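Each structure below appears as structure tokens.
One chain, chain A, links the two complexes that follow: it is found with chain B in the first and with chain C in the second.
Take a look at the complex of A and B:
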């Protein structure tokens, strides 16, 4: 616990000194949202219907940037190796990193919502519930994403590898998050949101525990 | 040298010959002896290879998963070689599965692809394992390569049931999982023969591929040649 707190403080310091990075990813996500609308054309009815899908695609694409960058500072001067040798608990390092990524992606997702409303004329009847779904979905992206970022960061052509490994894995997150978001925005006559949120929670629980267990093996050598 | 001596390729070739023979017999019965199906006519005959391919693809991925777990526990590189062979075999079979399915779906359903849970899950599994094979190509250090790909295989394999359920819910308006129909004997014989044929073929290929992987590993990990004393 004490190690987790220390690692979290380290993440906080890292992030608070790299606000430009967060801003750049936000601009990237916004650009993606803008570009998606050109694929459909100025048909508001259609745009409103697929806005949830576009929001999550923009978030997924931006997440690879956030995740790929998250181990940049750890690799300089072999900082990660030094922490392992301290010895710091790998699980604490992993959970701190994953929590930091989660917080960033949640902020990013919430920041993209107003833009989506403006560009696609989307309705927002329950903004707080939407924030909750964004938090659940980004939790599902950041748990495996952080683990894979730790691996691919040390491999060649990491920009290609991370999405290649991560995207097939997060299909359930994408499906459940898009479904829940569209039910929130377009109405939920059969009250199905609960089951989609449950699917997200299940995915999150499995991946947050499994990836935490396996992270030690990834960094230990 | 020692590794290639210990791993005789004979067993692999023998398994492949048996598999090819069974597959030939099963396909002959399936194509020429078994009666036509009353609704689909002759199109259904592709199922005699399609269904066995599906079973064996799942088996290959399960073998890769088991080998990955064994490698992480034991740290023995023979499990890494088996993991690599199983994952590659699974990718080949899953790729074949998607192609066969499309060939069957076009005349039957009218489309090449359907977002049915089993199809989509197979495609996701295919891409997940292609990613893992790519990871193996991009990591030079054998220890890291083995550990990371084992970790990735475990996560991908655990993910499969969640993918299946999510696609099933997502697609709930479409067809639900069909219950296994009672299949009459003339249909069953070629199906089983082909299933064992592909199983033996796969086992032979995995054996040979494991041998190749072990030889490569032995070469990679061999100490550099000693300098000639002057």
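Take a look at the complex of A and C:
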């Protein structure tokens, strides 16, 4: 736990110096939502129906920026290698980084919701439940995303490689997150939302436990 | 005691026991069959031309990268199987500073102290920064530091680790003359602690004055191993000038 606390302290310091990057990712996500709404046109019924999908698409695209940049500060002077040699616990380093990415993506998702409501004329009957679904969905993106970001950080084409590796893996998470968000916003007459949330929790549990185990091997030579 | 036990006991007493270490990057072999032993408390100068494999050898010994062939023990810990124990025993001053640019000198040290489970208070860490003459810049971001100041901060981080085996890769690089004297002083500190020190340097005379033994690498191969004071006299870096039988 001391190792995890140390790693979280480091992430807190790094995130507090990277607020400009957070803002840039938020602007990127907002721009994506705006462009999608322009593409559909002023058909409010259609906009409402596809709003959940576009919210998650904007989040997915933004997540590649967040995740790819999350190891930049660690790589500039091989800081990550320095921590491994201290020796810091690789699992602690992974979970702290994944938690930081998760927090960023969750905040981003929540920040995009008002814009989605405005642009897509979406209904928001249960905002807290929606925040919960966003947290579960972004957990499913950040756990494998952090692992793949660590794997691809030294590749020249990491900005291309990361989505290529990540997107196929998170398809089940995205489907579950979009379905759960749709049910929350458009109504849930069959009470299916619990099943989709459970599916998200299952994927999150698998991703978070497996990726934590694999991270040590990824950062080793 | 069997012969095997006797060999194991001797190996356990060596601070570093490298046997046939090989490492390659792609198709190029950076280390080829490097074998040597270093007794505890000994200081060793590692010499060789650019690209001769000095940094690779230090990184292999620090468990930063794995050897492709061969084996080694550090204070009796196997480099292949006990990497965490090896890392716990070693402090590496690498070419890379291992620092976070966006953070201050104090924050960088505090992160390392937290991972090492040492005292993290300002009172505990400021003397370390004072040791490398950076206490006045403790709260400045590393991004505002010169290369020499980064090297000093990296030295403070190495001091914090209190490794029983200290690996210094070009510690004089980027430093000014007072910085040279600082490295000499810290070298004495490491030795006074009883640490085994391996120092890669091109400053042969300086290294020979500080170290007990010398190692010369050429093209990834160990070409010479002997008393450090003899290394500058016979050229050190040119295999053609090495003593007969040492090539």
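Following the convention adopted for this analysis, the second predicted complex is superposed on the first by the 221 of 221 C-alpha atoms of A that agree within 3 Å, B and C clash if a C-alpha of one lies under 4 Å from a C-alpha of the other, contacts with A are read in each partner's own complex, and residues count from 1 in each chain.
Here is the rule we use: contacts are C-beta pairs under 8 Å (C-beta built on N, C-alpha and C of every residue); 3 or more make two chains touch, one makes a residue touch a chain.
From a predicted model like this one, the values you see are computed outputs, not experimental measurements.
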| item | value |
| --- | --- |
| Which superposed partner A:10 touches (first chain B, second chain C, both, neither) | second |
| Which of chain B and chain C A:65 touches, first, second, both or neither | neither |
| Chain A: partner with more touched residues, chain B or chain C | B |
| Which superposed partner A:144 touches (first chain B, second chain C, both, neither) | first |
| First, second, both or neither for A:203, with chain B first and chain C second | first |
| Touching partner for A:169 - first (chain B), second (chain C), both, neither | first |
| Residues of chain A contacting chain B in one complex and chain C in the other | 221 |
| Complex contact set, residues of chain B against chain A | 72, 120, 124-125, 127-128, 130-132, 134-135, 138-140, 143-144, 147-148, 150-152, 154-156, 158-159, 162-163, 165-167, 169-170 |
| Interfacial residue positions of chain C with respect to chain A in the complex | 62-66, 83-84, 87-88, 90, 92, 94, 96-103, 107, 110-112, 114-117, 150, 157, 161 |
| Residue numbers on chain A that touch chain C, as the complex places them | 2-3, 5-7, 9-10, 13-14, 17-18, 73-74, 76-79, 81-88, 220-221 |
| Residues of chain A touching chain B in the complex | 144, 147-148, 151-152, 154-157, 160-161, 164-165, 167-169, 171-172, 175-176, 179, 195-196, 199, 202-203, 206-207, 210-211, 214, 217-218, 221 |
